[in-house]
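Going by the order they are written in, the chains are A, B and C; count residues from 1 in each one.
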Amino acid sequence: MKTGWTHWLAWGVLGIAAVLALAPLYWMISGSFKLQSDAMQTPPEWFPDHPTLENYRNLFGAESLWTGRRPTLRWMCNSLLVAVSISMGAVMTSALAGYALGKQRFPGRHLVFWLVVATMMLPRQVALVPLYLLTVRMGWMDSYTGLIAPYLCFPFGIFLMRQFMQQLPDEILAAARIDGASEWGVYWHVVLPMSRPALGAVAIFSFMGAWNEYLWQLIVTNRPEMYTLPVGVSKLVSTLTSFDLGLAMAGATVAFVPMLAVFAMFQRYFVKGVSVGALKG
Amino acid sequence: MNTDDGGSRRDWTGWLFLLPVSLPFVMFVLWPLLHGVLLSFFDVQLTETRFIGLDNYRALLNDESFRYAIRNTCLFVVLVVPTVWLITLTIAALVYPLGRLAQSFFRLAFYLPVVAGSVCLAMVWLWIFNDQYGLLNYLSGDLFGGRVDWLGRTDTALPSLAMVVISWSLGQPVIIFLAALAGIPEEVYEAATIDGAGPIRRFWHVTLPMLRPASLFVVVTQTIGVFQVFVVVLLLTVNGGPAHATRTIVYGMYETAFTPPYNFDYAAAQGSLLLVVLAAVAIVQFRLLGRQTHWN
Amino acid sequence: MAPRRGKHLALLCLPALLLGGCPGERPLRDEQDRIIIEYWHQPMVTSVPGLEDITREPGDFERHLAREFMRRHPDVVVKTQCLSWEDLPRKVPISVLGGRPPDVLMDYVGRTSGYWYQGVLEPLDEILAGQTQDFDPKFLEAFRLEDADQRRHLHAVPLCGWVQLLAVNRAAWDKRGLGHLLPTSDNPRWTWPQFEAALSAVAEPGKRWPLGMQVASEQGDYCVLQFFWAHGADVYSQRDYSRVAINSPQGVAALQWLVDAHRRGWIQPNVATAGNSLFDMFWRGDICCLPSGISLRRTYDNALREQKVTADFDGDGERDFDIMFTLPPTRPDCPIRLPFGAAGFAVFRQQDAAKRRAVFEFVRFLSETDVVRQYAQAANQIPSRKSVGDVFAEQPDVQHVSALAAACDRADMGATSPHYYDLRKRLPPHLQFAFLGLKTPAKALADFEREARVVLKTDVRSGSR
């Protein structure tokens, strides 16, 4: 490990970069504790001189938490419900498909795998309008089904699981079969437990993807009660009309916290997942 | 049992496992992609749909806003992707020698904006860019001749948005590069040192080439991601910016399909062109940077 | 191999099979065999005169009307739904796409005309049979649209409408002793030199801009177009919706005047980007006049309550605000023409003859004189029926200008053109180019005309070009 001036220079540069990256987040959180008039002051207050919880009270207080124009708590629950459902669905479907493509030999498996890779690389926005029309015709507009259904299948997840499962040692599977396990038994009792890291990565990625899926959630929801957290919070800002800065920052902070919590709990899986995806593929 | 080796089975059991997945896959992933392209050749109205061939594409060619959408999307890619690659590579190279703890710390620091998500960041940058009381104007003072309407001027709007996009694009590549650096065996460095290479030489001739797969992954994923920029355009500028300055392809699709008069087929045509462009870009990038991934 | 291929095919066909099963149509009658009528409407009125305590929220009045109608016709049940302004352009097309449109829709003519051109509305001429003389011919003229055979039908029954005037904050001039530059309420008309002189007198570079305007989005089109009509330019000429006429020499002159006014500091700087709300600038006194309808007064009351009105022109710490409505300033050789927004009742295509009769009866009820009067009074708008009388009789400050406005010619914004929303969205960017100095007004308007030509070539109904 080198010490000396290059070492300190590296720390310095990195420190500045980190500060720059984190500054907007700090600004967002500190802004949420400022009143509108304080937030608009120049020179800006680096630390709120008169910190207040008024914005949060506004965000969670005014009307009902569950219905009405700004049901913030409901937005959080919507986001959680949608993201967790999609995540579970993605894990289940990806594991099944990944196992089939990775360990089962059947005619057509190469074609299917290339289909999966192709759909993974192609921009999802092409499918936006057809999915929307499908959602309308099925009567799923403005419903949880509409928010969840189109994302149950996660091609990137299938890809990850396939890559991972392919590397599982065949001997263990053969041993299980010799012991009399059915195909399903092999899958459930042998393969899945061994695939935990990859399953975790798929769960995390699909959860994050679902949480951040702004465009789809925007066009599928109409009623404020059905908004997910990012959609609802984004309605607090506007480019055409003036808006309450403090309230908007409070909303943004509230949208940040759940993801922060998830990240804090599953940090290991995040990092692992990113590496698995990037380097094993 | 039809098996050739111990583990993999050769018969149709595989299809049984695929069955539950194939329905959502075809219905929600595969068919919509095809349908999205198909739609562009029709005119979709409330009561009927009729075939119009290439009319939508002809209209697109003459559409000034679409030309700007392509230009802006390409500008985004040119501004964001090389910058992100360079910055994250530098960060990873600087952090790696500092040890495990430093790696964890900086990895976290740069990943937090990713965790916050584009909506939160867009909202706070809307405040930072404000021409009256925004932080950026305060900090830059008279550097640019007083207060600048960052989001309102045609020459600064897009670079401003690019800055926001960069801020949340740093997290993932840093993790990838750090992991890739960890994968380079010590012997390679030792060999280079024995050959008399200094630290810079080592980096250029040893580290960089060994980081090629990671670089490829970063560049490809960043490009695909930047092509899909939408949230910043929607939340920070009005209708694609003054004089189409920030309109991107995906934003144009959204505006065409989901604001009156809901021109679904025209948006589908834009999407098909996006598909073609992205496919071409992916192919070019693969060729240029070499196919070093194992698809098996 | 055959069984396997069959399985593949079955899998591929499944989505199609599933798509075939859509949610069913709406039931025609309820359990008591009463005809069900779905009535969707704008959140247009609250506090209807005479019914204030039961009409506090948007939708209350419509529920009251529904009860009244059901009392008269026990074999019908009317279900009302109040759609928000964001929902109206989204939910209705979605419902048509999904096969469950409402039966009656009360909405802005720009949207109902769109549904007419898509062929999903019933012609309503027979509803007004025998009563057409009571309706203002200007309303009827605007609401009569062509069908596929180029015959005109009444696509919706007009309810009431508003006109776009110029709202002037007199205080900006009065407090500086410049009140004599403005028109009086007895004669709320401008001459063009008078208008320019008034603007020039209160302009303060960097601080105050007399005229407010916004071309950042299509929401501001009424404001901008007012000045096009003032120069004698037209968006469409003589209701000929096959081409736009805005790039005429008069149109170019109008845009040139606007761009020059912007450069001279008469229009606020962020006209092309609208970084801040136009209304907020008006309340603060940064802008002194604004094209608007009489409904601005209600907005002003709300702003007062939210303590946003802080205009102070003489620096005495007291709020200076005095709204006066005038007719739009117009060039000497051009007639005063006012854009006109209206709402009406539209009926979606009916399959059942008995239900159709019931729905038409309901619309006939909704367009009775008393109902129209209540709507017009609550919304402060011009009624479509002459028998309603003068809605502004009790508001002396706007009565005179409203009477004058009602007598003026109508300017055609194209709300009843088949491609209204498409072209409305495409115009602002071209104007932005002109305001930002990136294109000359002539080029900007010529580019818009070229773009519009491609759009207008499509027949909305048949999709043919």
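Methods note: a residue touches a chain if its C-beta (ideal position, glycine included) is under 8 Å from a C-beta of that chain, and two chains touch if they have at least 3 such contacts.
Predicted model, so just to flag it, every value in this text is computed and none were measured.
Peer 1: If you take the mean of the Cα atoms for each chain, which one ends up farthest from chain A?
Peer 2: Comparing chain centres, C lies farthest from chain A.
Peer 1: Could you see whether B-C or A-C has the larger number of C-beta contact pairs?
Peer 2: Here the pair linked by more C-beta pairs in contact is B-C.
Peer 1: From the C-alpha centre of chain A to that of chain B, how far is it in Å?
Peer 2: Chain centroid spacing, chain A to chain B, equals 16 Å.
Peer 1: Centroid of chain A to centroid of chain C, CA atoms only: how many Å?
Peer 2: Between these chains, centre-to-centre, one finds 40 Å.
Peer 1: Quick check on chain A: which residues sit in contact with 2+ other chains?
Peer 2: 133-134, 239-240, in rising order.
Peer 1: Note the residues in chain C that touch 2 or more other chains, in rising order.
Peer 2: In chain C, residues 4, 97, 216-217, 274-276 touch at least two other chains, as defined above.
Peer 1: So which bits of chain B are touching at least two other chains?
Peer 2: In chain B, 12, 15, 27, 31, 132, 151, 237-238 touch at least two other chains.
Peer 1: Taking the complex as given, what residues does chain B use to touch chain A?
Peer 2: Touching chain A from chain B are residues 1, 3-18, 20-21, 24-25, 27-33, 35-37, 39, 44, 87, 91, 94-95, 97-99, 102, 106-113, 115-128, 132-133, 135, 138, 151, 167, 170, 172, 175-176, 179-180, 183, 213-214, 217-218, 224, 227-228, 230-231, 234-238, 250, 253-254, 257-258, 264, 267-268, 271-272, 274-275, 278-279, 282, 293-296.
Peer 1: Mind pulling up the chain C residues that touch chain B in the complex?
Peer 2: These residues of chain C touch chain B: 4, 7, 11-12, 14-15, 18, 89, 93, 96-97, 111, 114-115, 118-120, 216-218, 270, 272-276, 419-422, 425-426, 428-429, 432-433, 436, 438, 447, 450-451, 454-455, 458, 460-465.
Peer 1: What does chain A use to touch chain C in their complex?
Peer 2: 107-108, 133-134, 136-139, 141, 222, 239-242
Peer 1: Report the residues of chain B in contact with chain C in the complex, numbered from low to high.
Peer 2: Going by the criterion above, the answer is residues 12, 15, 19, 22-23, 26-27, 31, 43, 45-48, 50, 52, 55, 59, 62-65, 130-132, 149, 151-152, 154, 237-240, 242-244, 255, 259-263.
Peer 1: Write out the stretch or stretches of chain C touching chain A in their complex.
Peer 2: Where chain C meets chain A, its residues are 4, 8, 19, 22-23, 87, 90-91, 94, 97-98, 216-217, 219, 274-277, 279-280.
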